[in-house]
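Here come two complexes built around chain A, the first alongside chain B, the second alongside chain C.
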Partner chain A sequence: MNLDWSIVWQSRGALLEGVLLTILLTILTMLIAIPGGILLALMRLSRSSILAGASTSFVELFRNLPLILVVYWAFYVMPVLLGIELSPFTTGLVALCLNVSAYNSETFRSGINSIRKGQMEAGVALGMSRAQAMRQIIFPQAWRRVLPVLASAWVSLFKDTSLVSVIAVGELAHTALQIRSQSFRVLEMLTAMAVIYWLLGYPQAKLVDWIYRKFGITE
Partner chain B sequence: MDFDFSPLVESWQYLLGGLGITALLSFTTAVSSIAVGLAVGLVRLYGPTWLRWLLVFYIDSMRAIPVLVVLVWVYFAVPILTGLSFEPFWAALFALTVHLAAYVAEIFRAGVESIRPGQSRAGLALGMSRRQIIQQILLPQAIVRMLPAFGSFLSVTIKDTAIAAVIAVPELMRRAETIAGQSYRPVEVFTTTMVIYFLILFPVTRVVDSFYRRVAHLGRS
Partner chain C sequence: MRKGAGEPPIVLYENVRKRFGQFVALNGVSAQVNKGEVMCLIGPSGSGKSTLLRCTNGLEKIDGGRIVFEGESLPSDERAMRIIRRRMGMVFQNFELFPHKTALGNVAIGPTTVLGMNEAEANARAAILLDKVGLADKAASYPANLSGGQQQRVAIARALAMEPDVMLFDEPTSALDPETIGEVLNVMKALAEEGMTMVVVTHEMTFARRVANWVVVFERGAVVEQGPPTQIFEAPHSARTRDFLSHLGWGG
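On to the complex of A and B.
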């Protein structure tokens, strides 16, 4: 077995670009999926059965599909259905947002539901509107309970961005796999890819543990 | 837009075979991950200190590395290192187990730690050994409390087997890709595949939930 690790150093530029794209994809997805999740949760908790039904269907659909299939679907089917051409990056972003919004909405919904009903009723009894009570009473408390779960979702998302490599988005996994097939340095590149993900992901996983300890609810 | 489902009609047996492999891979992965994960979880909680540290490192590493990366590493890099090559199915089973066992170990830990420490102390006060406390007090309650998490574990497992398509395991996802590529009918093929996956995954979570509601009282303390 002859190994040549210099390939990793030689490809540092491309790998760095891949890392940046992975991070960018994670941040953009979360920026969209947090408001998206809140919106879906509010729709589901609203008194309109049409809104609630639409939200429930969306959430149940995307929670019960493999993400890799959603990525393929967004790449091949969405342009045909909507009649628009999107770049692989945007397509990947859309697929990730669909998935993460669905999960986030469940997180927000259980966060809101975890605040006792009496608090909303007290707000309404004091003459606040439902929206006001939601904003000023429920959200500030629910937020603390939601934060640790969102942090976990963030780490899952960071890992899941690797799946958009199948539609040739040039993030870390795709970049590393490309260099592997061009240079034939399979073991070196795959190991480098795993190590880079580990270096980025491990501190995030530890940070999540810290957030759980700090904000977690103990009964 | 005109739809043509004939490629799916022609190759339904091929697709059904893929579904069979998805089921087989999910089942074997779930069984082996639960077995390995429970062992890891048990040692991680009660084993010797150095081993505990090692297992925490393993679990946290698996939380940090994507499944895709573990899959391609096991399939492409392990043969170079060891000289042994595996069929894609076995490589996928191994890689998914390595990944999901860490997940099971965390479920196990959360379940055991959810039992109030007063119960262990009560056991000690009654003169029980640590082993007896674990076997007779902690595990019976913890296992019931773990059930809802095992429901989502099962659905995660089935969803993760779809990623095995990237190392050419001929399961449902892979076969759908093949049919879509050969027939130039990705819209029909991928949409149908979505429906199939949904029809499998949706009941899984529902059945586990309703089963849990029946046994939940056993986990109360």
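On to the complex of A and C.
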């Protein structure tokens, strides 16, 4: 077999750009999907049945659709249906945010629900409003329980960003696959892609383990 | 004469009814709490004592009758009820301290959040109260590092920080190890001696006998008998009171 690894080094500029775009996509998605998830969770926990219903529908829709379908949908259907024309990058970001917000909202909701009812009562008994008790008592505790789960979601998301390569967003997967199809260096490029994802993903996974140890406390 | 009988009661229960689904928790309870007195609610588990206490500060909504606090019926509006709750301190069976706050932080959070007091002032008040419950040296400790008895004393200080007119105790020693029950009861006794009005749901008959001014015996959501502790513990009028006390090994 004739292997030529120089293609990897020759493509380093493009690959680096791909890596940066992958990281950017991950960060932007989480920056939107964390507040998005909190909002959805609060809507679902609110006493308004309209807000709760809307949130539940959203979450159950996007949690149960394959992400790749949402990506295609955002790319092909959204412009026709809603008349919104976005760049591939923004389209991919929208699709990721829809999916990750839905997951995050469930994470936040279960985090909030995991705090004993008596904690809310203790705050209310002091004269706090429910909103004050949420901010002062429930959120700070729920946050510690939610953080490790969010960290796991982060690592999944980092890899899942590769799915937006199907709509030609030039992140790492798309870039590597492009070079592969142009150079016909299939084995080399796929291996390089695997190595890069792994090298980037492994420290993140280790960081998650550390967060679990530090914050994954039991009372 | 009953303590505080000359003045209008702080809390008045009139024919209070409460049900949870099919279960009738309170079946027409009438009683009153006078200013400066300690009223103990005793009776078998599930007889409605805790429910009455939780209705007093609106943690549960009553289905019938009325509860009058300092001359006015408890409002159904949540916002108005919140103002009333500031004047009632509550101590829970499971302490319900806030685990992410130090002992000092637990005591200061009511004044800062609810009364808008500045942090320095609230911390000063909290320090005084922790000293009062004998925990000045534990101000910086988190609840997880305190014994049950210490946690419950912090919880008492937390409730006192709002300078309430009445303190509600919901089985404050039921979750404690036997060796720490005494320290909590002593704090409560000292509070009673200062003249704090207290409603105490308890299984500690010795405490009720020694500290209460008035004892109410519950059974199946109704008051079986009420009176001064000498009556309840030495010459109960009701056979059911005698039964209940003898089950607890109270010789009378």
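Methods note: the second predicted complex is superposed on the first by the 216 of 219 C-alpha atoms of A that agree within 3 Å, B and C clash if a C-alpha of one lies under 4 Å from a C-alpha of the other, contacts with A are read in each partner's own complex, and residues count from 1 in each chain.
The criterion applied here is as follows: a residue touches a chain if its C-beta (ideal position, glycine included) is under 8 Å from a C-beta of that chain, and two chains touch if they have at least 3 such contacts.
All figures in this text were calculated on a predicted structure; none of them were measured in a lab.
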(request) Record, for the superposition on chain A, whether partners chain B and chain C clash or fit. (result) fit
(message) Between chain B and chain C, whom does A:Q119 touch in the aligned arrangement: first, second, both, or neither?
(response) second
(message) In the overlaid three-chain picture, which partner chain does A:L61 touch, first (chain B) or second (chain C), both, or neither?
(response) first
(request) Applying the touch criterion given at the start, work out whether A:S46 contacts chain B, chain C, both or neither, answering first, second, both or neither. (result) neither
(request) Answer with first, second, both or neither: which of chain B and chain C does A:R144 touch in the superposed model? (result) second
(message) Output check: A:S6 vs chain B and chain C. Expected answer is one of first, second, both, neither. What do you get?
(response) neither
(request) Look at the residues of chain A and decide whether chain B or chain C touches more of them. (result) B
(message) After superposing on chain A, what angle in degrees do the C-alpha centres of chain B and chain C form at the C-alpha centre of chain A, to the nearest 10?
(response) 100
(message) For A:G127, using the defined touch cut-off, is the partner it touches chain B, chain C, both, or neither? Pick first, second, both or neither.
(response) second
(request) State the minimum pairwise Cα distance, in Å, between chain B and chain C in the overlaid complexes. (result) 21
(request) List the residues of chain A that touch chain B in one complex and chain C in the other. (result) none
(message) Taking the touch rule as given, give the residues of chain A at its contact with chain C in the complex, in rising order.
(response) 116, 118-119, 121-129, 132, 136-137, 140-141, 144, 219
(message) Could you list, by residue number, the parts of chain B that touch chain A in their complex?
(response) 1, 60-61, 63-70, 72-73, 76-77, 80-81, 155, 158-160, 162-163, 165-166, 173, 176-177, 180, 186-187, 190-191, 193-194, 197-198, 201-202, 205
(request) Name, in rising order, each residue of chain C that touches chain A in their complex. (result) 57, 59, 79, 82-83, 85-86, 88-90, 92, 94, 96-100, 109-110, 113-114, 144, 158-159, 162
(request) Spell out the part of chain A that touches chain B in their complex, as residue ranges. (result) 1, 60-61, 64-70, 72-73, 76-77, 80-81, 155, 159-160, 162-163, 165-166, 173, 177, 180, 186-187, 190-191, 193-194, 197-198, 200-202, 204-206
